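Both complexes shown next keep subunit A, but they swap its partner, so subunit B is in the first and subunit C is in the second.
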Partner chain A sequence: MVVVLREKIGNLFRRQGPPETQHPFWAMVQKEAMDHINSWRFMILLGLMLLITVASLSTAISSLQGAIAEDTATSFVFLKLFTATDGSLPPFITFISLLGPIIGIALGFDAINSERSRGTLSRLLAQPIPRDYIINAKFVAALLIIAFMMMILGLLMVGSGILTTGIPPTPEEVWRVFFFLLISIVYIGVWLNLAIMFSIKFKQAATSALSGLAVWLFFSLFFTMIINIIVESTAPAQVTDINELISYQGFVQNLLRISPSQLFSEATTTLLVPTIRTLGPITMEQASYAIAGPLPLGQSLLLVWPQLICLVAAAFIIFGISYVLFMKQEVRSRS
Partner chain B sequence: MPQRWQKTAFFFMLLCLIGGILFPVVPALASGKVMLFTEYPGIAVTPGESINYSIRLINSSNSIQHVALQIAEQPEGWETNLTAGGWSINQLSVRPQSEESFNLQTEVPLQVEKGSYHFVLRASGSGSTSTLPITIDVTQQGTFKTELESDQPNMQGNADSAFNYDLTLKNRTADEQLYALSAAAPRGWNVDFLVSGQKVTSVKVEANTAQKISVTIAPPSEIEAGNYLIPVKAQAGSFSAETELEVNITGTYRMELGTPTGRLSTELNAGREKMIELQINNTGSSELEKIKLSNTAPVDWEVRFEPGTIDSLLPAESATVNVYIKSSGKAISGDYVVGIKAQTAEVADNADFRVTVKTSALWGWVGILLIALVAAGIYYLFRKFGRQ
Partner chain C sequence: MINDNIIEIDGLSKRYEQLTAVDRLTLAVRRGEIFGLLGPNGAGKTTTILMLLGLAEPTAGKIKVCGFDPAFQPFLAKEKVGYLPDEVGFYENLSGRDNLLYTAALNRIKFSAAQERARHLLEQVGLTSKADEKVQTYSRGMKQRLGLADILIKEPEVIILDEPTNGIDPEGVRELLALIRKLNQDKGMTVLLSSHNLYQVQQICDRVGLFVEGKLIAAGPIKELAFGLFKNDPVLLEVEAEPAGKQLIAALEAIPHVSRIEQKGNRLLIFCRQPVAAGVAGAIIKHGARLSHLSQHDYGLDEIYHRYFEGGI
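Showing the complex of A and B:
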C-alpha cells in the first residue's frame, strides 16, 4: 500500500520526456524530490499532517453550527472550517502555526551535512555543474514537497467541508483559502531555510536538528514569556496620554512580531476572518460610526501586507545567508 | 229749549232709521237667526303653508236652521275646501240655540305675491244670511323652485383628508321631483353624494319637503395648497339648484433625500476626499424653503455641502447637492456610516451612507520594493559566488 502510494506520488514529480533534454538543475530537483518522497520521513510527516487535518476538521464541524449562528451577517461559513473550534483541539491555523516549523525543520535539517557525512558531496561537486545548484536544488525540492503537502491538506479541508456542510465555497472564500495556503508555504519555507542553514553550519545532523528545534521551541514557548517580562519592566506606570499608550502598545506588538509564528498567525487570521479590520489598537475616534462588516479580500491582503513582506524577506535573507555559508565552505573529499 | 230737545230726538231717530236701511246685516245678526263666527279673522302665513280654519255657525233662533255654505269670494289659484265630521260639506244644519263647527281648508300657493288676500264665507239660512270676511296676510314673497344649501360650505384640511359637507335639498315645487346630483369638480377630485349612508347619484324629494344629502370630497393627493370651489348641482327637469362648496387645502410638507442612482454606498481611500451627488425631492404639495443640510460623520471626518442650503424647492421638483466626504487619515479600512440630513422648519429626511474606507496601496508597493531589493541581493550573491 505504502509502496503503491510512493510510486503514485513519485510519478507526479517525474518529468515526462527524454532525460537528455532535461536541464541538469531540474534533474537534481527531481532527484531530491524523489528522495524525499521515498523516505519514511515524508510518510510520517504526511501522516502527521493528515491526522492534524482530520482532528481540526472534526473539531471545526462540531462547532460550526454555533459559529454560523453567532454571525449570520457575515457568514463566511467555509472559512470557519479553518478557524472554528469547539475548545477540545486548536483550529487548523493554530496547528499549522505550531507544527508547520516541524515540517520545515524535518525536511531541511540534514540537507547538506548528510551528504557531507556520507561523502557524496565531494562526488557531486566533481560533476560539471555549478556548485550552487546543489543548495538551490535542495531548497526548491523541499519547498515543492511542502507546497504539494499544503495543497493536499487544503484541498482535503475544502473537500470534506463541502461534503459535511453541503455549502460550496464562494470565489472569495476560495481565494482566501488559496492565499492562506500560500502564506503557510512561505512560513514553512522560512523554517526550511533555517534548517538548511543549520545543516550547512553544523557537521552533525543531530546538532543541526536540535538547533532547529531549539529555535522553534524558543519562539513557540519562551518568546512570549520574555516579551511579558519586558512589558512588565517597561510599561508606563501611569498613563497620562492616550497616544503614549497607543505607541507603547505598538512597540509591544512589534516586539512580538519578531517571531515568525506571530507574523503567520496575524496574517492568516486576518485572511480567514474577514471581519478583522485592524491588527493594532483602535481608538474611540476610529471606532465611531464604524459598521461591523467583512473587508474585501484586497483590503485584508493590504492589512497583512507587512507581515507577508516580512515572512518572504525572512525566507530570502536566511536563504542568502545559507547560500553564502555554503559557497564559502571548504569541501574535502573523504575517500 | 224744549224745541231743541225735540230736534235732537228727531235726528237720533232718523239716524237709527238710516242705519237700519244701510246696514241690513247688522239687524239680521241682531235678529238672531244664523251667524258665522271665527276667533281669528285676520292671520299671517307663509307661502306653501296649509291653513285649517275652524269656523262656528251659531243658530240663535228657536228653530232648526238648514244653512247653505258658500265661499263667496276667494283669491285666484287658492284651493279651498269646507269640511266637517270628515266630509266635504256645502250644507250644515244647526239645532235651535246651538252652534256647529266646520273647517275651511286652504293651502297658500308656493308662487304667491306678498300681500293681503281676502276670503268671504257666506251662510244662507231660511230667511237669514250671514257673511264672514277673512283676511290672510302672506308675509313672504312666494317661490316656486328648488333650493340647495349648506350650513357650512367652507372646510379646511390637507390634501390627504376627505371633506364632508351636509347639504339640504328643498323641493319647493308642487310635485315630487327626482333630482340628479352632480358636481363640476376638476380632474382628479372625487366627489360622492350620500343619502342615509348610501352613495347615490339621484335623490327623490316630495313636494315641499327637504332632504339631507352628505357630500364627501376627496382632493387629489398631489394637489397644491389653495382654495378650490366645487360647484354641486341638483337638477330635475327644468328645476335646478346649485351651490358652491369651498375646499381650502393646506399644503403637505414631504421631502425625500437620496442619490440620483439610488446607491447609498461609496468607497474612498483613507484621508482622501470623494464627491457624492445628492438629490432632494419635494414630494409634498407645498414649497419647501431654506433646506439645510447637516451630517453625522465619524470623528475627524470632514463633510461639506455645495450648496449648503437650498433656498426654495417647488413641489414635485428636485435639487441636487454635491457632498464632499473626506475621511480621517487614521480611519481603519472597512465600513463607516455617514449620516446626511436635510431639513426645513417643517420636515426632515435623512440618508445613511455606507462608506467603505480603503487603505492606500502605497505601502503595498513599498513592500514589493523591499522584496525586490532582497531578491536583487540574492541575485548579487548568485553572480558573486555561483558561476565562478
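Showing the complex of A and C:
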C-alpha cells in the first residue's frame, strides 16, 4: 500500500524520462523532492497530517449542528470546518499553528549536515554550480513538498466538508480557504528556513533537530509565560488615561507578535472568521457604533497584511543568515 | 613550451588564525603528467587542493588552473577539473548510475549523452554489473571507483585525487592505480594526486612534490629525489642484537661503507653506502651478542621526512 502510494506520488514529480537538457538548479530541486517523497519521514508526516485532518474535521462537524441552523449566508458555515471545535480536540487552525513547525523542522533539519556527513557536499561543490544553488534547491524542494501537502489537506477538508454538511462553499469562502492555506505554507516555510539554518550551523543532525525543536517549544510553551511576567512587572499601576492603557495594550500585543505562531493565528483567524474586524484593542465607544457583520475578503486581507509581511520577512531574514553562514563555511570532505 | 603548465601555483599561502596551513608554495604541474603530492597528514595537501578548486580562499599568492583563477572564475575552473575528495560520498539511496547521471545534469550535459557516457565509464571502472544497485551496497573500493567515474563524466582536463587509496585493500589499490595510469596514457589526462604513501605513489607518478608543514621541500621525479637525498647512505640495515653495547657499536662503525648508526634500545639502524649485511652480522656474532633480527630497508616516506628534519640536504 505504502509502496504503491509512493510510486504514484513519485510519478507526479518524475516526468516521462528527463528532458534533454535541464537547468542544474531544477535538476537539484527534482532530486531533493524525490528524496523527500521516497523517505519514510515524508510518509510519517503525511500520515500524521491526515490524522489531524480527520480528527479536526470530526470535531468541527459535531459542533456544526448549531451553526447550520443560523443564517448560512452571513455566518460562513463552511469556514467553521477549520475553526470550530466541540471541545474534545483543537480545531484545524490550532493544529496547524502547533504542528506546522514540526513539518518545517522535519523537512529541513538535516538539509546541509547530512550532505556533509555523507561526504557528498564536497563533491557537489566541485561541480560548476553556484554554491547557493544547494541551499536554494533544498529550500524550494521542501517548500514544494509542504505546499503540495497543505493543498492536499485543504482540499480534503473542503471535499469532505461538502460531503458531510451538504453545503457548497461560496466563492468567497473558497478564496478565504486558499489564502489560509497560503499563509500556512509561508508559516511552515519560516520554520523550514530556521531548520535549514541550524543544519548549516550544526554538524550533527541530532543537534540541529533538537535546536529546532527547542525554538518551537520555547515559542509554543514558554513564550507567553515570559510575556506574562513582563506584563506583570511593567503594567501601569494606576490607569489614569485611556490612551495610555491602549498604547500599553498595543505594546504587549507587539511583544506577543515576536512569536511566529502568534502572527499566524492572528492572520488565519481573521481570514477564517470574517466577523473579526480588528486585531488591536477597541474601546466600548468605538464598538457601540459598529454594525455587526462580516468584513469583505479584501478588508480581511488588508487587516492581516502586516502579519503576512512579517512572516515573509522572518523567512527572508533567516534565509539571509543561512546564506551568509553557508557561503563563509569552508567545506572539507567530512568535517 | 608555451602554456604547457596546466596548474600553476605561485607563492600560495593559507593562514588560519594560529596555523599556517600552506606557506609560500610555488609549483607547476605539466599537461599530461601524473603529479604526486606527498606528505604526512596535516601537511597542507588537502588545503592546497581546496584552493585549486576555489573551495578555500588563499591568504596570498596566485593560482592558475587551465588558465583560470579558481578564486575568481570558479565555474570555468570547475568545468575543467574533476575532484575526487578524500572519503568520497554518494547518495546511498540512488543507484551508481543515477549518481553519475545527477552529476552529469549538474554539468549541463545532455541526457542522452550523459547516459552513454555513464554506461561507458561504468564499464571502464568495472561496475557494469552493480550499476543499477543502490550505492549503499557498494564496498569502499567500489565507491572509490565510482568516484573516479563520477569525476570523469564531465570529461575534465585535470583530475585531482585526494588520498585516493585511503582505506582500500591492496588489490583495490592496485586496480585503482592501474586505472589512473590507463586514463593518463589513453587520454593524456593530467592527474594530481595526494597521498602519504610513498610506495603506492612511486608506482605511477611521473613527478612528486614533498610537503611538510605547509612547505614544499622538494619536487621532481622520484628517483632523482631519492638519489639526491640518500647519496651518502642509500642502504639502511635494521638490526636487533642483545646486548647492544658501546663496543659493539664502535665495531660496527668500523665496518667499511657504514656511514652512521642510530640506536633505539637493542634496535640499531645502520646507514651505509653499500649492502654490508654479512659484515654486520659477522661483527655482531664475533662480539658474542645475540642477533635476533636483521633486515635491509627501502626508504619510506618516514626516512625522507626524517632526513629533512635533520637538515640532511
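In this text, the second predicted complex is superposed on the first by the 322 of 335 C-alpha atoms of A that agree within 3 Å, B and C clash if a C-alpha of one lies under 4 Å from a C-alpha of the other, contacts with A are read in each partner's own complex, and residues count from 1 in each chain.
Assume contacts are C-beta pairs under 8 Å (C-beta built on N, C-alpha and C of every residue); 3 or more make two chains touch, one makes a residue touch a chain.
Remember, predicted model here, so these are calculated numbers, not experimental data.
K.L.:
Under the superposition described at the top, does placing subunit B and subunit C together on subunit A give a clash or a fit?
P.N.:
On the superposed model, which is not a single observed complex, subunit B and subunit C fit side by side.
K.L.:
To make sure I follow: the centres are taken over C-alpha atoms, the vertex is subunit A, the ends are subunit B and subunit C. What is that angle to the nearest 10 degrees?
P.N.:
Approximately 160 degrees at the subunit A centre.
K.L.:
For A:T278, using the defined touch cut-off, is the partner it touches subunit B, subunit C, both, or neither? Pick first, second, both or neither.
P.N.:
Only subunit B; A:T278 stays clear of subunit C.
K.L.:
With the two structures laid over each other on chain A, which partner does A:I129 touch: subunit B (first), subunit C (second), both, or neither?
P.N.:
After superposing on A, A:I129 lies in contact with subunit C but is clear of subunit B.
K.L.:
Between subunit B (first) and subunit C (second), which, if any, makes contact with A:W305: first, second, both or neither?
P.N.:
In the superposition, A:W305 touches subunit B alone.
K.L.:
Which holds for A:P90: it touches subunit B only (first), subunit C only (second), both, or neither?
P.N.:
After superposing on A, A:P90 lies clear of both subunit B and subunit C.
K.L.:
Touching A:V331 in the superposition: subunit B (first), subunit C (second), both, neither?
P.N.:
Second partner only, subunit C.
K.L.:
How many Å separate the nearest C-alpha atoms of subunit B and subunit C in the overlaid structures?
P.N.:
Closest C-alpha pair between subunit B and subunit C: 6 Å.
K.L.:
Residue by residue on subunit A, keep only those touching subunit B in one complex and subunit C in the other, then list them.
P.N.:
Overlap of subunit B and subunit C footprints on subunit A: residues 130.
K.L.:
Flag every residue of subunit A that touches subunit B in the complex, lowest number first.
P.N.:
Going by the criterion above, the answer is residues 130-132, 277-278, 282-286, 288-293, 295-296, 298-299, 302-303, 305-306, 308-309, 312-313, 316-317, 319-320, 323-324, 327-328.
K.L.:
Give every residue of subunit C touching subunit A within the complex, in rising order.
P.N.:
Residues 46, 50, 53, 55-56, 74-76, 78-79, 81-83, 85-93, 102-103, 105-108, 110-112, 147, 150-151, 154, 162 of subunit C touch subunit A in their complex.
K.L.:
Once bound in the complex, which stretches of subunit B touch subunit A?
P.N.:
Subunit B residues touching subunit A: 296-300, 328, 330-339, 354, 356, 358-359, 361, 363-364, 367-368, 370-371, 374-375, 377-378, 381-382, 385-388.
K.L.:
Under the stated contact criterion, what part of subunit A meets subunit C in this complex?
P.N.:
17-24, 27-28, 31, 35, 38, 118-120, 122-130, 330-334
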